[in-house]
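One structure is given here, and the rest of the page talks about it.
We just call them A, B, C and D in the order they show up, numbering each chain from 1.
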Amino acid sequence: DGPKKVVFLVNGNLGDKSFFDLGAAGMKQIKAKYGDAVETKVIEMGTDQTKWLPTFEDVSEQGFDLIVSSTFEIADILSEVAPNHPDQTYVLVDGVMPYEKGGYDNVYSVVFKQNEGSYLAGILAAGLLKDGTIPADQGTSIGFLGGMDIPVINDFLTGYVEGAKSVNPDIKVAISYAGSFNDAAKGKELALAQYRTGTAIGFNVAGLTGLGQLAAAKDVGKWALGVNSDQEAIFKESDPAMAAKVATSMVKNIDVSILRTYDLFLEGKLPVGKVEAIGLAENAVGLVETGNMKTLASDDLKKQIETARAGIIDGSIKVTSAFGLETDKLNALRDSVRP
Amino acid sequence: MTDFDLASLITFIPAILRVTTPILLAALGVLISERAGVLNIGVEGMMLTGAFAGVVVSAATGSASLGFLAALIAGGLLGALLSFAVHVLKSDLILSGIALNMAAAAGTTLLLFMLTGDKGMSGSLSSKVLPHLTIPVIAGIPVLGTLLSGHHILTYAAFLAVPGVGLFLMRTPMGLRLRAVGENPESAAIAGINVRRVQIGALVTSGVFAGAAGAFLSMGYVSWFSQNMSAGRGFIALAAEVMGHGSASGTMFASLLLGLAEAASIALQGAGLPSELMQTVPYLVPVIALVVHARRRQRQLARA
Amino acid sequence: MTDRPLIAFAGISKTYGNGTLALDDVSFAIRPGVIHAVCGENGAGKSTLMKILFGLEQPSSGSIQLDGEAVAIASPRVAAERGIGMVHQHFSLVPSLSVAENIVLGQEPRRGAFLDRVAARRRVEELSRRYNLAVDPDATVRTLSVAAQQKVEILKALSRDVRVLILDEPTAVLTPPETEELFDRLRDMRAAGLTILFISHKLREVRALASHVTVLRAGKLVGDAPLAAIDDEAIARLVMGQAAGPALKRGGRSSGAPRVVVTGVHLKARDANDRVEGIDLTVHAGEILGVAGVDGSGQRGLVSLLTGRAQPTTGAITYEGKPSAGLGTAALRRLGLAHLPADRFQDGGSKRMTLVENAMAGAHRLAAFSTGPFLKRRAMETRTEEMIARYKVRCPGPNAPLSALSGGNAQKLIAAREFATEPHFMIADQPTRGIDVAAAAFLHERLAELAAKGGAVLLITADLDELLTLSDRIVILYAGRIVARLENEPGLTPERLGPYMLGLESAA
Amino acid sequence: MIRSAFASFVITAILLVLVVGIVLVPIAMSLPDPLAVLDTFVFGPFRNPRHTGNIIEMATPAMMCGLAVAVMFRAGMFNLGVEGAFFLGGLATVATVLLVPLPAFAMAPVGILVGAVVGSSVCAVPGYLRARYDASELVSSLMLNFAALFIGLFVVNYFLRDPAAGAMVSFKIPAEAKLPKLITGTRIHLGTLIALAACGLGAVYLFMTRAGFEARIVGSNPSFAAHLGLPIRSILLRSQVIGGLIAAGAGGIEMLGLYQRFSWQSLPGNGWTGVVVAILARDNPILLIPAALFLSYLQVGGDLIARNFDVPSEAVGLIQALVLIVVTAQAIMRNPRLIRLVAGKKPAASPAQETKAVEGSVA
């Protein structure tokens, strides 16, 4: 029979520099690896949520072998569509089906433990301050710039704060939310406000808004931490001075995991009807260690990060997740590090 | 952020000016169109397109000035396009403006994708930025230096444009004609003025201002273009113009107020209040200011 | 003077977008250096023809020849280049601009890139002196009285180098001395070689000024003759298609109880022209009280007080014995107030709404036209059709927008609405401004009839013939005060009123 | 009347073919099967009942938001609060059905009612500020839209958030609260009937009631309204409250009709759609229905080609923008010669300069 058909449904628009772009990159990797044996397709469903269900229904009838989509919101859509198409296989990235209620034997969910990767980012940020690599006159606290006050963003925050606290229990973290994912100018302004009030290094988790932090870091000569993809690499060619201020990026290898999903699917080993949570152990999240970090971080600090990684993998270190965390508890965590 | 001493207040001022700049530039554009009777709802789309053109052309030519020029031209062309829809096709003004915004959002993303293979941002293009200006002597003076020196060139341009636009509207023959056309097109036509030509000119000029506002975002604030990066500033500019009651100075004060509210909400992030509530500040302050202002006007009228 | 016509209309027809045939194959010629009058009923097509000559409308067919050469007048700009100026029936000023700005608009004096305000002011002052039309160049037009705006209009037309001046009902709101002055100036201009096209419903003015008259009726040319060759009655017959009815006899009514009593009323207004500086006034049932005065002597303030749009700063108004303090327009209208406003399109109606809607607004809450919250559209339409028929409103139909009506016809419809409520107290503010003779006579009958039935009428008018024809008593306003109270006895003439109106005498 | 309206429709159809031709044909030509692309765009929405259903589902909030805009525009109010009212109405409806213990049958009606009342504030507050202080309703409504968004997000985060969910969304809307589906195989729900009824009632209100008549008088000439002694302020306020109630009610209906949870994290854009629909329909409530259906048809057709062919969704956005401009192009649509050509009859009078009226109310 002919080539296999895989489709990735974007419940928004491409260009977010985050899950959607990474998902599309995963489709490219599948195509690159399997060539003519596979047909891949990416469909943008847009931001109008009422259009998502009809698109899933259409696509489910078009004979795809694998239908991939991402984000938690899609779980609700799949819970309506998947039972009606028992022969169709679905993959939900960064979201979980309510398996405990039974059913959904045709959906494979995979979630990323971004809190684990962020824990390492927190160690790096706090460590750079503690060991004086970033001198105290640049600032004494670290920053976090979130797109919105929502669980998937806060999952980065909890790990980041806990990682930093593991280095310095008294660390202060300036936390801002932009309220938008595409306003780079506002992201820059928020980052500048943090830098102005004593932040020396900040972590942006805000899509296109977050990139504004890089411009701010360049302007004031302080430091930024990228997210999802290697943000140093984005500007390496076009703006080396800015790229030089990205200490590292906490990557979330959605692309790699989508390719892995397809590999497993071909082998007949895809664990449908289940959720897999992948993190440091699976190399699904982690820090970019080949860029600025290589020269910036001391060997001690790198060692400390390695130790933490091992601890998380072997379970001796537990990182709090924002999923399922009550608002009160989250507020308590944020209050504990307020500058 | 509790220590609101003079020093932190002064460091706060450049932030206000930065936030105000794109709003003010766009609002002056809206002002010109509004006084000519053709309210430019498409300012958001023109801004976005200006931001895009600036980046692409400066990357292609290696020249920030050419990029900036392209941003102005792109905004002006969209103004001409809007005026084509309104004056030649005789489409509805508001609807054409909304359609233009839709088209600009889609068109810039599409072109970006065609040029870079990326729909999100232009990070792979080495585009140029416009400079910040240090004013020789003043820069050295403690407080005054922070206030007056070191801002982006377009920040100076925006504030200098205020008396420029004010003078243009109130003191030049062209401005007189423009106001006459906006207030009473039939009378203007009777006076031998080509209403259509004046309105076309106003929309093009309005687009040029919007293009400059866009260039500030992509060649000032940051050094790249990203999807929908105007992020609603065009509508804020529309509000600023209306709050300014049709005068250039009023528009400037309204823009400054909006900028101040936004900058304050940014500075107050991390004060421990829910971020959502902090984010309402930039939108509630103008409403309150509007009411206070309107009440004062009412009282003045009542007293007169 | 040559015999070659300066302007020749050749077979001009005009059909408006809504299908109204406003002009039907009109041809006539105008010789240079004359004052040429154009007469006709409301809606006859006079303004349309002038707009075509001025480039504001394009003819559907036919052509215009200027100096024997066929010209296409595509816009007012072209008209101005050809030396044609026009004073419009409806104002064409920009309210927020100053007098000087309005006058120089389109041909501004410059100093460098800027408007030369000094030169503009000088130009206005010079014009104002030359034509003896006093205006304040720095005043904002919005604050001017209608008469003052009319002067600005005329100055604006004269400010261009014109050889042809079109005046579309320019005298409607001028006082007699002002009108006489204007006529003198127009005669001077003719002597200086200017050709003047003059539209008026007042035969007396036509005769006093013009040497030639063209009459239009329902879009057709029905008469074109030197004035020397035609008598008034013949013109009236041409205008109306029939002989005029007998003129109304003045006075002779007996007045009843006081209906509206104004005592010691003051009104502070932003605009000095609207201020009321202490007025005592009683309008009785069954009488018509005429109010004379140069426009801007406090009439607007008085009207806004009487209609409830403003409350007196001091003093009191009683309405059928009850104090009206705090009552708004709606409450007063319920008590029987009606008001024919001076500016018919600004206050009297809505151009974009249909005739039915304009005619029934206000009455729509009556039981005859609504059940519960709902309107009885059929009844409203029937009623409007009756009004249209009774008031002879020339219109495409009851569902046409008001904007499609000529000025006079719109006024008739609005009058029909205000009379329909059988008011106890009617304020008629310039009720026949711009209305043709027949329609004016008709409205005069309505006012007289209303008074005869016991209604109280306050008539504010700049037309002293009208004032003297209708009023039982006359008060004269000057600077917000009553300077004279006169019984309208047979000997009273416009000349006697003049000195009071100009504030030269006082008898109160 | 009917004939020239019909002529307008024929002209529209011809124009659309032209526009789609100009933009889509070059794109389609670059693809393997250009005819299939055109075919899908034009006829695709009617091939599958589900897609036809999508048109109607999408038109439902568009009609109601258009009605809300039309009611306010007719009173001369340039209130853009429909966007925020729709959002807040949806939120308050969901909050009511989640937090208030209600018998099953009362959930939807009470929820929508509460949603309508709460959400209407985004239109009513600017309305009040305008009526009371003469403060520009354009500015305050534009600003309050965003304020409503962030206040709404705060409420979701602190009061309605399902901690078991991985996104900032409310708990699930109970099944009993959902609006019943009308046609199996589609998602068309009771809300569509409500929207149609609302448009009918809107026409009755504007053209057949005293209150609507008075609102139109105020909207078309406030001085005339003052001459008549109409209570202008309360009429202005009333129009904006009605507009707000309709818009917010639409938000609630949308939630209970099509959503499982409250999950908006930004303004959903229905307010702008409402403005577009109202302008297309020239503020006529009955014409809102075809206008909304037309807009949704374009959307569904565009989505279908973007989904099934290599046509970027942005190209579809461009086509839609162009179509909007062309269908309101009076130079073409109301060209007397064209209309005569199609209808064989003289065109009706065109109300003078409608754009001017809108501008006037902005100032």
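The working rule: a residue touches a chain if its C-beta (ideal position, glycine included) is under 8 Å from a C-beta of that chain, and two chains touch if they have at least 3 such contacts.
No experiment lies behind these values; they were computed from the predicted model shown.
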(request) Using the touch definition from the top, list the chains contacting both chain A and chain D. (result) B
(request) Specify the chain pair with the maximum number of C-beta contact pairs. (result) B-D
(message) I'd like to verify one number: the distance from the centre of chain B to the centre of chain C, where each centre is the average of its C-alpha atoms, in whole angstrom.
(response) 46
(message) Need the CA-centroid distance for the pair chain A / chain C, whole Å please.
(response) 75
(message) Measuring centre to centre with CA averages, how many angstrom lie between chain A and chain B?
(response) 34
(message) Where in chain D do residues touch two or more of the other chains?
(response) 150, 153, 157-158, 313
(request) Mark out which residues of chain B touch at least two other chains, giving numbers and ranges. (result) 109, 274, 276, 279
(request) Sort out which chains touch which and give me every pair. (result) A-B, A-D, B-C, B-D, C-D
(message) Considering only the defined contacts, which chain B positions touch chain D in the complex?
(response) 34, 37-39, 85-86, 88-96, 98-100, 102-103, 105-107, 109-110, 113, 185, 232, 235-236, 238-239, 242-243, 246, 274, 276-277, 279-280, 282-284, 286-287, 290-291, 293-295, 297-298
(message) Taking the touch rule as given, give the residues of chain A at its contact with chain D in the complex, in rising order.
(response) 13, 43-44, 46-51, 53-55, 57-59, 71-73, 75-76, 80, 94-96, 111, 148-152, 179-180, 323-327
(message) For the complex, give me every residue of chain B touching chain A.
(response) 1, 8, 11, 15, 18-19, 22, 59, 109, 112, 118-121, 123-127, 217, 221-224, 226-229, 231, 262-263, 266-267, 269-270, 272, 274-276, 279
(message) If we count contacts the way the header does, which residues on chain C are in touch with chain D in the complex?
(response) 17-19, 307-309, 328-333, 339, 341, 346-353, 357, 361-362, 364-365, 370, 373-375, 377, 396, 400-401, 403-404
(message) Considering only the defined contacts, which chain C positions touch chain B in the complex?
(response) 54, 56, 75-77, 80, 86, 88, 91-97, 101, 105-108, 110, 113-115, 156, 270
